[in-house]
Amino acid sequence: MTTEHGPSVTTTTTPRRGTRALLEVRDLEVSFATDGGVARVLDRVDLRIGEGEIVGLVGESGCGKTTLARAILGVLPTNSARVGGGSIHFQGESLLDKEPDTLAREVRGREITFVPQDPFGSFNPVFTVGAQIRDLMRWKSPALRGDRPPMGRRERQRADHARVVELLRTVQIPQPEQALAKYPHELSGGQRQRIMIAMALLPEPKLIIADEPTTALDVTIQAQILKLLRRLAEDHGVAVLFTTHDLGTAYEICDRVTVMYAGQEMESATSEAFFNHPAHPYTRKLLDSLPSRDRGLRGIPGEIPALVKPPPGCRFHPRCDRATERCARERPSTETLGHAHGVRCFHPTRPGAS
Amino acid sequence: MGAASNPALLEVADLAKHFAIRNVWKRRVGWLRALDGVSFSVRRGEILGVVGESGCGKSTLGKTLMGIHRPSAGSIVFEGNEIANISPYESRSLRRHLQYTYQDPGASLDPRWKIGRSLHEPLVIHTDLDHAARDARVRQILHAVGLPESHLDLYPHEVSGGQQRRVGLARILTLQPSLVVLDEPTSGLDVSVQATILNLFLELQKQFDLTYLFISHDLSVVRMICHRVAVMYLGRIVEMGDTETVFARPAHPYTRSLLAAIPDIGGKRITDDFWLEGEPPNPGNLPSGCRFRTRCPIADAGCAGQEPTLQATDPTRSVACWKAEATS
Amino acid sequence: MKLLVLVLNRTFWFFPTLLGLLVITFTISHVIPADPVAFVAGDNATTEQVEALRKQLGLDQPMHVQLYRYVLGVAQGDLGVSLYTLRPIAEDIASRLPATLELTLFAVLLSTLTGIPLGVLSAVHRNSVLDHVLRVFTVSGLAIASFWLAILLQLLFAMRLGWTPLQGRIDGFGPDTVTGFMIVDSLIAWDLESLGDALAHIVLPALTLTFPAMATIVRFTRAGVLDAINSNYVLYEQAMGFPRRAIVWKYVLRNALIGTVTQIGLIFGILIAGAVVVEAVFDWPGLGLYAVQSILQSDYNAIMGFTLASGALFIVINLLVDIIHGFIDPRESR
Amino acid sequence: MDTLRFLLRKLVEDRVALLGAVIIVALVLVAVLAPWMATHPEDVSEFHPQIRLQGPSAENFFGTDRMGSDIYSRILYGARITITIAVIAIGASVLIGVPIGLVAGWYHGWFSDALMRVSDVFLSVPQIVLAIAIAQTLGPSIENVILALSATYWPFWARLVYAETRSLKNEVFIEACIALGASPLRVMTLHVLPNIASSLIVRTTIGMGGTILTAAALGFLGLGPPAPSPEWGRMISESREFLPEAWWYATAPGLAIFLVVMGFNLFGDGLRDILDPRIRRSRRHDD
């Protein structure tokens, strides 16, 4: 095993915190109405994020990771998407049962915040960065929380401003006051993403959902942002759901990784187990397809299925060399292989076997 | 890599492309030096990688080679003929064997033309073959890139991203090129498809005797398939040499930071280890001397004076850095 | 600074464009063979009389001299004399300009104040009853001939119901002229009777003009809002739990308005064009009525003066639109 | 052929656009069949003062006008004038505007700038104003209305084609053709024109509506074809003296204009929905 996937991963940080569940997604189903018919983009998906844990949600294009992120936030496109079943519990409360207004007021931007994929288009182009942050604080300032001592408006604004400037310094914006006066197009992509991260931290959330936050950036900037995100998440004790198509980035910052394929989650494990002892055939093939001098170039034959007419059973079975008739008939339930290592496969690689 | 002794197929010397920066009066207020004195040669049969981050000029390089941009200075000699400063239309006979594939090959096909017609077009422009002869050639190439003939009757948007790349390749292969510029040929592809496409490049290289100029930001891919590599930063080559040498013992601090930024599963985490700070300066307003010095951890006062040029540090590699001796 | 440069750049193009327009109108009126002098002099004028008149009007000179004089004249604010009344055209136009401006501005105000919110609502409630009603409304607004609508309104409100005056700008003498705008002047003089009278007179012609202008505004605002709603920044604002009302009426609207503002030039084009026929129907003493009277009198010079004046007005309005655009869109850098 | 069938199928799905198409087809039919459909075809030039200003009846569907002519028959013949003016004027504008826009959009330099400046000058006046000036100088006739409209409307197409060509020049597939060594003529005719055709068709359809309105306004102002021509704008203008009693006099031609313009606008809108969501790609900027 380890010989095949490079040197063993040694996690210096033993699974931190993460023992109590912060977010639990169970059997979530989401469908989209498309021109070609109804596409079931999420097919009974499970996901768990512990407190203060950085969870990587990994998968190739069309696997549903962005849809899952948007479903948790409650911002699926209203006219085409429909939640068909399952549950999302955050701190023990069901998010799907909350009124949309309550969700927007009390959860989004307060308990759960968001770092977008596209730092270029996600700022409103006609307002200064400062104006957008001021609005965020007007509605989401931590000073507005019920458990904080009440403050006058002036006093609160002063405290908020100080907090904004301090956080911008923390994300390495050298001159925060000047940056606030600028329009988004006057800042570089890296700077914009740093400010997005600061904005995600401003309301003192419990969970940040970062949807491919480094995909649009160059590798050196990506490295800086990943480093920053990891440090800040640890300092602030905030959990992060980090979606990415790049296994390498997931390796860099995640405590745990869940991999998805064509709308189904396949495997979920600690980073150490995931990269050292992948159990699902898809995970193994995905890791093998990374360019490497030792292995040469190995792709996965076949193509990602169309979600309008997905293969029955395990959606990976047409491309899987371990697939049996049963795989085409039913979807495997989660099998627990070791410490928090779940895999949805009838024929996983079991620990010890090789 | 066995290609070292082969003659040069493409010789590029001091190539520059400066875009004018204009104010609202359309008066020039400065130059954006997208390409600032680039020299290299590509030997027959090799794969030369060009790597760098956005804004480093690697795409401008590809487009200047193809004649889409007119070079501001320098020369491009392909198969012994000077082709700089001649429009692609006027020099089409000289350029027939120099072809270019786009980052997004789907977008390089006319959305209103069926794939078959697009595949015929290069032959219509460059040859006098009749329809039947062209068709035979197109079908042969289609087979070589692993596409079914039924694709001839489809529109570009009806095939997947991986297949669009195959179509893009087929389109230029009909002309039997000797040198193919591959511009970001794997960006936007899923890893499971990427390996398949890269294998196809390697197979086609053998089958059609091709030479590649492989422009990419993905260092792990470049490392896999390129014989030599040129690292660009803000319009200049800062390091060039055999892939093995450059990746194993990078001499330029920028190359080192690039390599350190690539996630390495099982290796050291960049979140613990990465040191490069700041972002590239505005290419319209470059620092004096070495253009990397504003971000360089080992720069000193000397670096602000003269701009370093490429100097050979060992037989297989050269570096543009005043402090290369001290660090390699 | 950037904005200042922009304004200067736009202003710079004002004069060449106007000169180009001048050349076009001159060409139309002089190169096309028709002898205005013979027409003006009448059928029983002697050859000497015609030649004398020709000399008086400067039409005996070679073409390029005439053009040179014309340009020189326009530069000094002289648009020549009416072939019919022999009065200076520039004075005629200046005295009629306020009436047209009052009418068109009133219509612009009416159409933006109603059109923008309706456009936003129909985008936000896409495919609702309101949206469908507005679609019918906008399509008909752009399909109806304004002179016909004017007649229909007259027929209903003035002739049948008698709620408004049939035509004209005011009954009696009206307030003392200060700005030339009846409504403003009667407010200045605090003459409420005149104010009511002025409003009663303006309502029908203004409504006629408002209909197509408002249809245009609703369309563009709706399209702009839909564009903005599908953008990534709205997704971000939703994901961060910004209040829905603020997202629509602050963030989205500001972006959508950039598109709408660029269309105000177009809308003024609709209004000025509409004013020609609408003023004729309502006997509104503005530029349009002047143009129509000149047409009936075959007064070439006056028509050219009118063309030039409305061209200049239109160019100025587009200049203002560009400047406003520069203000509300920080990305503007052309 | 495929495209045509696709278009027809989409059209049947979009009821509103279909309604537009039906109106346009009806207009053409009416214009062609006017001599057979008219109850009093001779009334285009003949008068019957003894039955002037009669209300609608079985004999005169839309009543009679001030000369006692049958308004229904005159409206049918008016359709011929409307169609002639709109088709020829728009056709000429397209023929002038499209090549100018294409050349100015493809090449950079003073010549392109000059072409666009000239069209800007034409666009700096509301169209009807310039059309009034031209039509007035030339004298009232169908030909002159057509001339006035063509002279004022071509810059619209020049502008549209110019803008579309400029943006297409940034498209990767056009660049790929240039890199392949295709001649400018080849790229312009085989790649650029077909790709702007759909927006051109949409604008032309909607432009028809606008042109018909302007032509009617010229007629209303007495600048159209002279009496006794059954031009719709002129008929409305004639009716004004006899309001409010002869309400039918203005109603029929006004409704005719409204319906026809509505037809073109609805059809154009529908075409836009069908043709525009084509496979548009985001433009990539140079790295």
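Going in written order, the chains are labelled A, B, C and D, and every chain counts its residues from 1.
As a convention for this text, a contact is a pair of C-beta atoms (placed from the backbone, for glycine too) under 8 Å apart; a residue touches a chain by one contact, two chains touch by 3 or more.
All figures in this text were calculated on a predicted structure; none of them were measured in a lab.
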item: Set of chains adjacent to chain A and to chain D; value: B, C
item: Most distant chain from chain B, judged by the mean position of its C-alpha atoms; value: C
item: Inter-chain centre distance, chain A versus chain B - centres from mean C-alpha coordinates, in Å; value: 33
item: Rounded Å distance between chain C and chain D, as computed from the means of their C-alpha atoms; value: 22
item: Euclidean distance of C-alpha centroids - chain B vs chain D, Å; value: 50
item: Between chain A and chain C, centroid-to-centroid distance (C-alpha), Å; value: 55
item: Residue numbers of chain B (touch at least two other chains); value: 54
item: Residue ranges of chain D in contact with chain B within the complex; value: 171-173, 175-184, 186, 191, 194-195, 278-279, 281, 284, 286-287
item: Chain B-touching residues of chain A, taken from the complex the two chains share; value: 5-9, 60-61, 188, 190-191, 218-224, 226-227, 230-231, 245-249, 251-253, 275, 285-287, 289-293, 297-301, 303-304
item: Sites on chain C touched by chain D in the complex; value: 16-18, 20-21, 24-25, 28-29, 32, 34, 139-140, 142-148, 151-152, 154-155, 159-160, 269-270, 272-273, 276-277, 280-281, 291-292, 295-296, 298, 300, 303-304, 306-307, 310-311, 314-315, 318
item: Partner chain A, residues of chain C touching it in the complex; value: 231-233, 235-244, 246, 251, 254-255, 258, 328-331
item: List of chain A residues in touch with chain C within their complex; value: 70, 73, 75, 103-105, 107-110, 113-114, 116, 118, 121-128, 135-136, 139-140, 183, 185, 199, 209
